[in-house]
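Order as written gives the chain letters A, B, C, D, E and F; numbering starts at 1 within each chain.
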Amino acid sequence: MRIVVTNCNTTQEMTEEIVRGARAAAGPGTTVTGLTPAWGPESVEGWLDSYLSAAAVIDTLRTYDGAYDAVVMAGFGEHGREGVRELVDVPVVDITEAAAHLACLLGRRYGVVTTLERSRGQIEDSLHAAGVAQNCAVVVGTGLGVLDLGDTQRTEEAFVAAAVQARDAGAEVLVLGCAGMTGLQRLVGDKLGLPVVDGVAAAVKLAESLVNLGLTTSRAGSYAKPLPKRRTWRPGAKPGPGAGPGPGSPGPGV
Amino acid sequence: MRIVVTNCNTTQEMTEEIVRGARAAAGPGTTVTGLTPAWGPESVEGWLDSYLSAAAVIDTLRTYDGAYDAVVMAGFGEHGREGVRELVDVPVVDITEAAAHLACLLGRRYGVVTTLERSRGQIEDSLHAAGVAQNCAVVVGTGLGVLDLGDTQRTEEAFVAAAVQARDAGAEVLVLGCAGMTGLQRLVGDKLGLPVVDGVAAAVKLAESLVNLGLTTSRAGSYAKPLPKRRTWRPGAKPGPGAGPGPGSPGPGV
Amino acid sequence: MRIVVTNCNTTQEMTEEIVRGARAAAGPGTTVTGLTPAWGPESVEGWLDSYLSAAAVIDTLRTYDGAYDAVVMAGFGEHGREGVRELVDVPVVDITEAAAHLACLLGRRYGVVTTLERSRGQIEDSLHAAGVAQNCAVVVGTGLGVLDLGDTQRTEEAFVAAAVQARDAGAEVLVLGCAGMTGLQRLVGDKLGLPVVDGVAAAVKLAESLVNLGLTTSRAGSYAKPLPKRRTWRPGAKPGPGAGPGPGSPGPGV
Amino acid sequence: MRIVVTNCNTTQEMTEEIVRGARAAAGPGTTVTGLTPAWGPESVEGWLDSYLSAAAVIDTLRTYDGAYDAVVMAGFGEHGREGVRELVDVPVVDITEAAAHLACLLGRRYGVVTTLERSRGQIEDSLHAAGVAQNCAVVVGTGLGVLDLGDTQRTEEAFVAAAVQARDAGAEVLVLGCAGMTGLQRLVGDKLGLPVVDGVAAAVKLAESLVNLGLTTSRAGSYAKPLPKRRTWRPGAKPGPGAGPGPGSPGPGV
Amino acid sequence: MRIVVTNCNTTQEMTEEIVRGARAAAGPGTTVTGLTPAWGPESVEGWLDSYLSAAAVIDTLRTYDGAYDAVVMAGFGEHGREGVRELVDVPVVDITEAAAHLACLLGRRYGVVTTLERSRGQIEDSLHAAGVAQNCAVVVGTGLGVLDLGDTQRTEEAFVAAAVQARDAGAEVLVLGCAGMTGLQRLVGDKLGLPVVDGVAAAVKLAESLVNLGLTTSRAGSYAKPLPKRRTWRPGAKPGPGAGPGPGSPGPGV
Amino acid sequence: MRIVVTNCNTTQEMTEEIVRGARAAAGPGTTVTGLTPAWGPESVEGWLDSYLSAAAVIDTLRTYDGAYDAVVMAGFGEHGREGVRELVDVPVVDITEAAAHLACLLGRRYGVVTTLERSRGQIEDSLHAAGVAQNCAVVVGTGLGVLDLGDTQRTEEAFVAAAVQARDAGAEVLVLGCAGMTGLQRLVGDKLGLPVVDGVAAAVKLAESLVNLGLTTSRAGSYAKPLPKRRTWRPGAKPGPGAGPGPGSPGPGV
């Protein structure tokens, strides 16, 4: 099985870290390919970044020629999910919803620990649209920016502090609300004695599950194929079909 | 990986059918063992049956000596899930929630097609407690009893008719709301052009996912271990520890 | 009028205390009979206990030969209510919902004070299913186990502390969230100046009200009679009809 | 026990019919006194009427010198309830909420059948504020005005037709959404085989229950006593205390 | 354009202050007329006052002979809105909903700061009925009565403290929850750096918007004209038509 | 006052029609400038188009040098709103939310009539995020594509048919769910006798209202300024500040 993982930002190192996490979670027969958008923000923090990212990620998949069996979208709380579902014929799993789905199986209420406070609204909206917001007790920010996550000591402390807040608000399970936090999972789980779900790993397992069961996005209603029409993906450019040989590639005309 | 699948009723043939479905969905390294309660109702239709079933299923697992890595509970809309989460140390996935979780990934709204109308309330409550009710457009009954499902022709017609109702109510994805409906999945999917999720298959994949990621039920808060106390599981009996060697077996004292 | 009160656990002393509370609330022409399950847990704390209790309570009523006009179920937050509604032809009132119904008439928001924190989820779910969760401001645990309630001093302090928490969360009325707390009602009411509703008393009055108005459970839809089928209530046993002479007794075949 | 029942309109015949219904429901030791406002609308249909009625009913109680132990407010979906709770020291039960509370005990979903379609919004809002809207499947209008209810034949047909609509929308229990419909209860129940709850009867039983349990409105928060201040209840009038000897009478200064 | 602003109480000074605020917000071609009810409470604090106020305000408009193009109702959280919509043919905007509508455009969550804690319930209900409660993070009371607002120093301190509470609860925008707080807007905005919406000003702009767009209340369903019938607006009086020459005046028969 | 109206697609004719509608609604001192994105889809139908549109609209405003006092976003149900709120310092009003806000003032429930059925989900999500979904009775599609709207006869019939559906579902007010439907407002209003709100006109009035009251987007929490960072808005391009002289122009660094 071939899974394509899309980073939501243009930072290649982050794509690599995400791919490492995805590979660690993937089953024996699964290959993971990371895609970094050629344009967009270097990190996604807030709505402006998120909408820019959504278009760039869709464009990245639209023009990707490789073949794949599923898409994992690695932007926690970021937009684009439904657009990619329209675009490709294979299952699409976003790490936000994926983490929440698994968390619901592990406790009665879960909490999300993310980077900046300002992302809270986007995450809440994303969980709501995905239909899994009900059992989310709280979304807590650590005050760290995405690109600050390199400072391990500070990151760990901030994350543990936020996790304690989430637990006190009723969370029995924690979700790591950022693709770049993958490594923190074990640390926090050990300190607090709570299961911690990493979105990238969760999304890989859910994508594998859907592919193995022969299930893919419904074309009835919301996620019908994009209508053929003129779309200019950047100033001065012409619409290009981007048709690839693989089952996941979008058809021409988008 | 060893998955134990519990039937919710005492009908051995149904356990066998469920096990066949579970095995078809399971990954290469997964073994599936079906457990049929030694007591309880021969089919579960309504709350009285469901509560009787819940106690019998818990008792079945409590006294089961085999080792296992995950539990799949195969009773659509039936009670017991949270009690089993308290009892065992391994992940527990119920087919009701499992089907809903995967359905949410495939369309904006899903619908459930089940046997009797009277089960609607239980299914709605079960989806609500699991945190995945929001995107459920409708639960439709076929008017068939669980044990009528043998009459293939009638079952198929009733199921397709109910599926059409669900689609018209906004469902973009269908869920088979009964463990015994597994074979109908392909038929209905073909006729309506909608993805159809089978709960047993979905639960097997989710259980495998949790085990592979090293995740299990949170012990903080809701699903703490049962407190040690006197419990009589049947008139005249004494509490028995039921301790088994496997990781999934409950400890003594329940 | 003859009211049967079912204790949810096997502890005879608790049945007696509940019956005392019920009798204190009952009108002049009402007789109260307490039923203690012959099997099940000695106290109910958590979901496993609650499902075991639900089956045992249903079995208790199924095999009870006395005549009665209404059932009061005395397990706060415990399961079984809907199954008993299917079983018997007379009104069934559970103390959880009963307390909430009366509390709604006394203030804009009510709060529940219960024993262990782990019961919170069950109580919330029970209030939700009963349709009276909306105005519940909070469910607070005292940290006491059901069987600790004998230690009066500690119980009182813990209960008052939890009641203060509930008030601070917006509760204008308190509900005693445990059948064994009946005696605390006056104490807490006096200390906090809030009305305190005891579920057993509330359920007795509601049961009397329904009987006096000639109302009983609807058989349309959810709470239809249990279907005739093979049910084994315990290993090795055969299904036996519990048909009794009274109006409340279930018919044969369950 | 002395219950005062307030009609929401100035039509004396309707007060008498309500009092007959209340007396039929009341227990042996209960006396029922009907109060007809001296001002206000002759029937209440819509918000303008309802607000006028609310003030008139409050004024009626404010200036009533009799003693009483509880107030039943007989205007289905009409305003005023919370204001009366502030005014008097005895329990206050409104027929809208009362019917819904009992209906919740009899089935999983209830429906309300009322007079004019335009009342639907008020009834929905009233049930919501009372905390019992969740399990209301639907509110259906019969198209009849309050004062048309005298035409028995037409009333019965319209009511049965609306009741069928409610049942088809999922109602397992019906509520009579108008104080003047009391007599229809048996007819509709017989035709449809559903329990039918009459608000006046329900409110009387709930009021008796609260009085018997020694419970009354919480003064903490929402329903604190009205603050002493200048209030003119009609042009040219001066505020009068209206203090009466009974426990239900409001104190001076309102 | 002619806007009539109705004060909810009988205090003329407050009407004048409200009119000053309304005029400051009004566009160049707009005239503002303040109406003070001839009866009712001198300030509105709690439900009893609010229902009395609702009837008095409706009566004031019913008997007002002037012509007008829109009504602004200046009682924060007070009743009457829907009744006035039935009565007049011109747009009606209540300051509670108006402030919330504009606040929703300025941030993801807003908070309301009001006078007494006891008003919280009414404000929450009013926002809910208006359809704008969802993004309200919190309603906070200052502990000040309406008529205490003259003490500027104390008012300012109490208001800023409550505003801080609202911000900490997630409010990104503040709403002044009392018609008499208009002057505080700038102060609090400056101290906290949050936008502060004043309901009177917001309502004037929304009323102007509706008039300019030629929009007025729908007569279909909820806000149909009051039915012609006998209504006595005060003891001993006879119903009199309040027909005036202007477009806003109610027709005869109410 | 200078209002910039952004079309969500690249079709210049549609921008012009929108600008005509905006000018018709604008007050005497207001100038309206239409902006057509230089890239993006020629019409927006579905999520893929919507996310592409969101990025293109943000880019359009980011690089626009003119001065302006408010932004109106003319894409019904389309994304981008929150990103533009981060970007500019002036008020931002989206036509989806604007229509809903005014509709809430005109009736108890409103309905949206839009082009394709597939847009329903986006519109529902957009109303939810804006906090005004509660009173939306239904969103109905006409089956027409955005670019089909030129065929007047067919458009009118489809729109009236959909409006009837919305009314039957409880809508007392209608919202035109597409920027290109502006001309239909009078026709449908006349045929059905319901107020019809056009989003463009509503947004212009709300934008004027906010500017006149000196209110703008809160910077606390959700809509803080975009963080300075590397953003590539198209392949091969470098980030450009786009700083303009006007108050609405975004600062450098985005």
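Note that a contact is a pair of C-beta atoms (placed from the backbone, for glycine too) under 8 Å apart; a residue touches a chain by one contact, two chains touch by 3 or more.
All of these numbers come straight from a predicted model, not from anything done at the bench.
In this entry, B-C is the pair from A-B, C-D or B-C that repeats the interface of D-E, since more than half of their contact pairs coincide by residue number.
A straight line joining the Cα centres of chain A and chain E is 45 Å long. Between the Cα centres of chain A and chain F there is a gap of 28 Å. Of all residues in chain F, those touching 2 or more other chains are 82, 108, 121, 128, 221-223, listed in ascending order.
Passing around the ring starting with chain D, then chain E, and so on, the chain order reads D, E, F, A, B, C. The touching residues of chain F, counted against chain A in their complex, run 10, 38-43, 45-52, 54-56, 58, 79-80, 82-87, 117-118, 120-121, 125, 128-129, 145, 147, 221-224, 226-227, 229-235, 237, 254. The touching residues of chain F, when paired with chain E in their complex, are 25, 27, 82, 91-93, 97, 101-102, 104-109, 128, 130-135, 167, 170, 172-173, 193-195, 197-198, 201-202, 205-206, 208-210, 212-213, 215-223.
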